[in-house]
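I have placed the structure first, in the form of structure tokens, so that the comments after it can refer back to it.
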Amino acid sequence: MPRSAPCVLLTGFEPFGGDSINPAMDVVRELAGERIAGHRIEPATLPVTFDGAHAALVAAIERVSPALVVCVGQAGGRARISLERVALNLVDARIADNAGAQPIDVPVITGAPDAYFTTLPVKAMLQAMTAAGVPAELSLTAGTYVCNAAFFALRHTLQTRWPSVRGGFIHIPWLPEQAARVPDAPCLALETMSKGIGIGIEAALQHREDISAVGGTVC
Amino acid sequence: MPRSAPCVLLTGFEPFGGDSINPAMDVVRELAGERIAGHRIEPATLPVTFDGAHAALVAAIERVSPALVVCVGQAGGRARISLERVALNLVDARIADNAGAQPIDVPVITGAPDAYFTTLPVKAMLQAMTAAGVPAELSLTAGTYVCNAAFFALRHTLQTRWPSVRGGFIHIPWLPEQAARVPDAPCLALETMSKGIGIGIEAALQHREDISAVGGTVC
Amino acid sequence: MPRSAPCVLLTGFEPFGGDSINPAMDVVRELAGERIAGHRIEPATLPVTFDGAHAALVAAIERVSPALVVCVGQAGGRARISLERVALNLVDARIADNAGAQPIDVPVITGAPDAYFTTLPVKAMLQAMTAAGVPAELSLTAGTYVCNAAFFALRHTLQTRWPSVRGGFIHIPWLPEQAARVPDAPCLALETMSKGIGIGIEAALQHREDISAVGGTVC
Amino acid sequence: MPRSAPCVLLTGFEPFGGDSINPAMDVVRELAGERIAGHRIEPATLPVTFDGAHAALVAAIERVSPALVVCVGQAGGRARISLERVALNLVDARIADNAGAQPIDVPVITGAPDAYFTTLPVKAMLQAMTAAGVPAELSLTAGTYVCNAAFFALRHTLQTRWPSVRGGFIHIPWLPEQAARVPDAPCLALETMSKGIGIGIEAALQHREDISAVGGTVC
């Protein structure tokens, strides 16, 4: 029986680094099943392992045939929702992943290009989040850990197997209860993050092409 | 007819600096009328003027005869609830107040001491907020604007007229909708701030003496 | 008459953004003509224009036939010498360049890959600078302005025309006299930066392959 | 035999916290014996102990009968020369001092006031440093460790025994070789700090009264 409506695949991650929660998983749970701009939100949770994240992501894409893929990951220490612009073909793990692996300076996918840009309209998404009062920003680095690796695997997979499907990555800050234990750390409330991600998805669905707006950095 | 229960005076401020909202006012509104550890929360709003804040604060104290006074003010750019440890007898206004006054390097109250320490048990309050998952911190400076001036006036007034009444000042970050417009700025949700201030008041009422815990800075 | 020794091409930039100095130019001037690990330092100054930087860089490479190319640029607001790991094929100018151009979201070189990694052994360079007491760091973004554009043009040019020549980009902070005028801004002294760049070049010449060391970020 | 010229007492501190150097000691050594605005610079080194710093400071004042006292201390993590505005009568040690003592929430001097303002013309000093290209800033907190304790003891001693002698405290950043080992840390070169402190002393000697300039903070 055919699925009647198109969908958005929204992925989070399991907790990692000794933490028992991961706000990315909470945001995905909040939005799962919602309908945004005529698209149903299909959730998936990725393992925080260099070996497993890629396969889980591909399996989820094959399962739901999404029109759009948005992966969400935790960026402890950041203060705002970060719309990532570029995925690097580089793994350089500062801590071990959940399987105990800590690869240093190896490619995410051997033989793949050095990087892929997001195909999400991040400036339109930033504009929509800002207009709705959600603190957000563009980011030029998703790091070199499992988040970036999943982002790179996503873009490589879409580019090579489903080139018409757009996809990208959004980093989110710690929740208040995580930041409370870390001196000086900022955070966002779950409600603010879920609202922001929802608005971002809506803007992505509404803008096939990104808007033109100043968003760069001098250095 | 006598007031049956003791109360806590909780003050906020009007918006200032061109803004149309002030999270301190919102937090006070949220907690107004609540009962915390047997004390009723009595709200008051102070003007953001060097001339008017002091008088409005004294009038509110005279009106409600509080057992405890907690003044709350906005500290745009900070990431956590800041429990202020010291009020300075110094005004050095970087921007004009809501009456257009911008005094530079004058005392808050001529002839008063150079500073007063808070009489709130700020380490017990920090511990309680942290345990409840609310990001908070101790602060050694409340600045040199109207917030610090109100804090100093509060402590001087209590010290000289009601020495048994404890009181202090708490700075809070911007709300998400304020931070959304300022690059890189952190924020806290209103719910997180109201919860934190409520927990702080409860801890203050429960601890006549502060706890002993490391909380200082090296420089 | 043949040049007897191999050389390193070391480039800086003209002042930009209304400033009258550029520390990158000063560092290049300090090191010009020096001999490091048997290589002579050949200086060049690049214009801060999207149109001109690429051509000036290629002309300098053709002129001196370097064994190694190190481009240096100013990153006002950073606190340490930043060894850039990746050049993006993206221009998104927050301010106009010295020719008045402000391109938004266009490639540096149409048809070129999305990114190139540095071919400098940045972890060996970081280790050498740190051991010598020079504050340095790895960086995953060179921004989206002329610095990144020159870095990308360098890597694309080397990759396609001189694939055996290694090259990369180093960002440096403001000088003290620049930072003095900007609230909160950090800086490094010219002597510290020149020493650091010299040590970095020496390490690059001594390490044909980079060392393996943890240097990544979690997000 | 009488000392022919008036002098400035300039104090530094021994290394602490496991470090083998302290830039404050280096700056004092650099300026020792110099003549600034007709005043000879008399150096002294204070121990980093809550018990010993006060006595060593008083002994130095008695020994050299200064016209002005400037105490310098290290503030690792700060990026600029910090002109401290206020000394608190509070010790709250985050780490043990060099004698192993770690007092928490006790006064520096029992029975003394809660705070003293600096009697250095810090805005004139800031203006002079900035004009000379030295990154500096005003600071409203000298912390709660030995630096603040020495600053408070200085001001209390001058106020009660030599009220016509002005004195204050200046915090300085790490040296490059210290910052090199700490991720993200800023620093200043010894030359920049010595130059800045010299210029600050000169401005202090030239301005009996401070200038009026905006220098405050909103919160």
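Letters A, B, C and D mark the chains in the order given here, with residues in each chain numbered from 1 onward.
The criterion applied here is as follows: a contact is a pair of C-beta atoms (placed from the backbone, for glycine too) under 8 Å apart; a residue touches a chain by one contact, two chains touch by 3 or more.
If you're wondering where the values come from, they're calculated on a predicted model, not measured in any experiment.
A.B. asks: Can you give me the shortest step count from subunit B to subunit C, moving only between touching chains?
C.D. replies: Minimum step count, subunit B to subunit C: 2.
A.B. asks: Please name the chain that ends up farthest from subunit B once chain centres are defined by their CA atoms averaged.
C.D. replies: Looking at centroid distances, C is the chain farthest away.
A.B. asks: So the centre of each chain is just the mean of its C-alpha atoms; given that, what is the distance between subunit A and subunit B in Å?
C.D. replies: Inter-chain centre distance comes to 38 Å.
A.B. asks: If you average the CA atoms of subunit A and of subunit D, how many Å lie between those two points?
C.D. replies: So the centroids are 48 Å from each other.
A.B. asks: Please report how many Å separate the Cα centroid of subunit A from that of subunit C, as a whole number.
C.D. replies: Here subunit A and subunit C have centroids separated by 31 Å.
A.B. asks: Which subunit A residues reach two or more other chains?
C.D. replies: none
A.B. asks: For this structure, enumerate the chain pairs that meet the touch criterion.
C.D. replies: The complete list of chain pairs in contact reads A-B, A-C, B-D, C-D.
A.B. asks: Per the contact definition, I'd like the list of subunit D residues that touch subunit B in the complex.
C.D. replies: Residues in contact with subunit B: 17, 73-78, 85-86, 88, 90-95, 102, 104-105, 113-117, 123, 140-145, 147, 171, 210, 212-219.
A.B. asks: Would you tell me which residues of subunit B are touching subunit A in their complex?
C.D. replies: So the residues of subunit B in touch with subunit A come to 79-80, 129-130, 132-137, 176-177, 179-181, 183-189, 191-192.
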